[in-house]
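Right after this note come the structures.
Below are two complexes that have chain A in common, paired first with chain B and then with chain C.
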Partner chain A sequence: MADPKKDPGTRKKGNLRKEFGIVLLSTGVLGALGWHFFPPVMPHVQLPSEPVVAHPLSLPVLGDVYLTNTLVAMLLMDLVVLALVYAVQKAAKSGDLVPRGISGAFEALLEAMYNLTESTAGKWTADIFPYFATFFILVLIANYMELLPGVDSIGWLVPAEHSGHAAKGIFLLKQAGEYTVVPWVRVLSTDLNFTAGLALVSVFMTQVIGVKALGLPYFGKFFNIKAVFTVKPRWMGFIDFLVSILEIISEVAKIISFSFRLFGNLFAGSVMLFVIGFLVPIWFQSAVLLLEAFVGVIQALVFGMLTLMFMSLATHPHGGEHEEAHA
Partner chain B sequence: MEQAIVQAAKLIGAGLAMIGALGGGIGIGLSAQGAVQGIARNPDAAGQVQTNMILGIAFSEAVAIYCLVIALLILFV
Partner chain C sequence: MDEFQRQKFARQKVFNLALASVMAQVGLWTVVVLGVALWIGLSLDAHYGTRPLWTIVLVVLSVPLTIGGMVWMVRRAGRRLENPPPSEGEPRQ
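Up next, the complex of A and B:
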């Protein structure tokens, strides 16, 4: 037994461990009691997003636009991004050369991302970096909304088998059976519209950067007419031409794979969170939350890095010569 | 009765759709194997190997995720 006066470090650590154990034990007991009095409900899995207000906004061209729960999440995400921009801009304008707090964290993050971009994109870093960084930060914030308590679980209570808005009250759990919950905020990435929108931006801007880097010959990747006349056996050149047509399909496949990867990962994650909460009322859901935190950052990084890779591939001239690949 | 048959067919279909996850699992295992072997031979390249491994894993995982999306669509739409 160490003397507490001689060794305050161990003493403190031991106390902390004891407190942690007490907290764990009491949450376990409370969870078991809660499970007894409020049995967990089988979650209702809802794929399309639902409107949270009864009346749609009538716009001239778009028609009726409902405020859906993923739209609320998008507005929240925009607010978070704008707040971060404001904080970093204020710190940058203050003339303080040593970044502190949030601007310091952003400087470290952006520097790491810039170095990564530079090692892949070479001289096109300045063109490609904004897309990479924007996608990463947007998707990260959208994904991490999943970890907030109340997202996906607090909302209007409506009768089941009723898609419209019929508020019966406010309830805290997803519920199957007679009533179901329309959450006010739902994770943005579980809406295919958001991920498909990002994927469209990513693939379209890849083409723009390709044209910027190579000019019109960039489209030779898709219509390789040159190969028909230059490649020695004529039929081989013709096959090259057909293969280049396949590149168009691969661009379309990129849109699908971008959008479904993000959507599928996050949707499966949120379904798993609720199903685990139904099976094991306490503790285990925290482990799944940890996994979801990991998945969120990995998916954001993958979205950004795939954009980066495709964009830097588009800046390389096709046709064999790769001498400026490591500029 | 018809409702029950439709429900059973949905469940079987979702299960069959998830067979595709097999390929994603094999792919992730192979890429992790290759990365670990590469890092063991050249520990200095660990950072680069890891980045590429995660990228490759994301690609092969996407295939499994498509299956999952199809299964979820069958079950819940």
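Up next, the complex of A and C:
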């Protein structure tokens, strides 16, 4: 066993444990005091995003647009993405062959993702990889905003429209009454507009890649009338035609499943955090946050992977006969 | 297109379809388990007036179920993808 007096590594580890214990204890005491003086209130759970400014912004082409709390989250997400791009670009331009820090982490992440794309998409890797990587990174950053303190919890105090969930008698308020919090920043993935937008881009670009790979005969899989005349026996051809009609429904279902899966997971996670924070304000919410960190990365991976799979499938000829023309 | 390429395409297609179905299952599993646990917990607490006991118990129990179920799902799919039955792995002739 290492002697802590001689081994600086063991001593550092011991000190870290002690510091961690002190932080844990003090946050517990502060939390308990806070709980006593300012008991938590059941938060207001609302599906649509809320405006954080009183008046709409007049934009040149779009007209009047309200700055909503999910729009603020999107701008923050864009800033994070741009900062990451800048950091990686700076590291790449420095000429250092061994990437360190954030650029090293990105290299490892992108390499793993590229290998995964290559094993699934084959020669179409260069076309499909940018979509897979973009969706994964965007959705991951959007989901991980849920873990930041202040997101979904700090905002304007406004008079409550419905009873049963509002703050009563907060010490800074001069007027007594029922209030609720409209957060300045709300998790972006809890807005269906964001998830549906991503889903539309994913499904539309799947069609673009399908046409790029197979040419116009790609659309034959949606209306395969040719099968009725060419496939023997005739009834099998008719079944192939009906299956091709089902493909159209399947494409629409993809948009719905993409948007609602991500939205449902993150919205349910946010509601669970509210409810758990209301029931047990100290400690327990941290465990749920750990689970949400897990769910956040899984959902980002699911969104990216499904895009990758659907795009790969779109590059495969549905009958085999079209491949010869475009090989 | 020769026979070898045709078989390769068919295998790749089956693999991609299977992987897509696994990802879709994994993506829905977490929200279903957590949502059901939370809803049952809140309903039981409202019924018996025991808030927050049942909610906490069921949410705590749902976490290992979520992660364990996901690992089981992925491992089962991994085994099936590594050794597909002949009817699944072979293309239609």
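Basically, the second predicted complex is superposed on the first by the 264 of 327 C-alpha atoms of A that agree within 3 Å, B and C clash if a C-alpha of one lies under 4 Å from a C-alpha of the other, contacts with A are read in each partner's own complex, and residues count from 1 in each chain.
By definition in this document, contacts are C-beta pairs under 8 Å (C-beta built on N, C-alpha and C of every residue); 3 or more make two chains touch, one makes a residue touch a chain.
Keep in mind the model is a prediction, meaning the values are calculated, not measured.
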Which superposed partner A:G220 touches (first chain B, second chain C, both, neither): neither
When both partners are placed on the shared chain, which of chain B and chain C touches more of chain A: C
Which of chain B and chain C A:P99 touches, first, second, both or neither: neither
Touched partner set for A:V288, first chain B, second chain C, both or neither: second
First, second, both or neither for A:L47, with chain B first and chain C second: first
First, second, both or neither for A:S257, with chain B first and chain C second: both
Touched partner set for A:V302, first chain B, second chain C, both or neither: both
Which of chain B and chain C A:N265 touches, first, second, both or neither: both
Overlap of the chain B and chain C footprints on chain A, listed as residue numbers: 257, 261, 264-265, 268, 271, 298-299, 301-302, 305-306, 309
Chain B partner contacts - residues on chain A that touch it in the complex: 45-48, 116, 257, 260-261, 263-265, 267-268, 271, 298-299, 301-302, 305-306, 309
Contacting residues of chain B [partner chain A, same complex]: 51, 54-55, 58, 61-62, 65-66, 68-69, 72-73, 75-77
Touching residues (chain side chain A, partner chain C) in the complex: 120, 122, 257, 261, 264-265, 268-269, 271-272, 275-276, 279-280, 284, 287-288, 291, 294-295, 298-299, 301-303, 305-306, 309-310, 312-313, 316-317, 320, 323-324, 327
Interfacial residue positions of chain C with respect to chain A in the complex: 1, 5-6, 9, 12-13, 15-17, 19-20, 23-24, 26-28, 30-31, 34-35, 38, 42, 51-52, 55-56, 59-60, 63, 66-67, 70
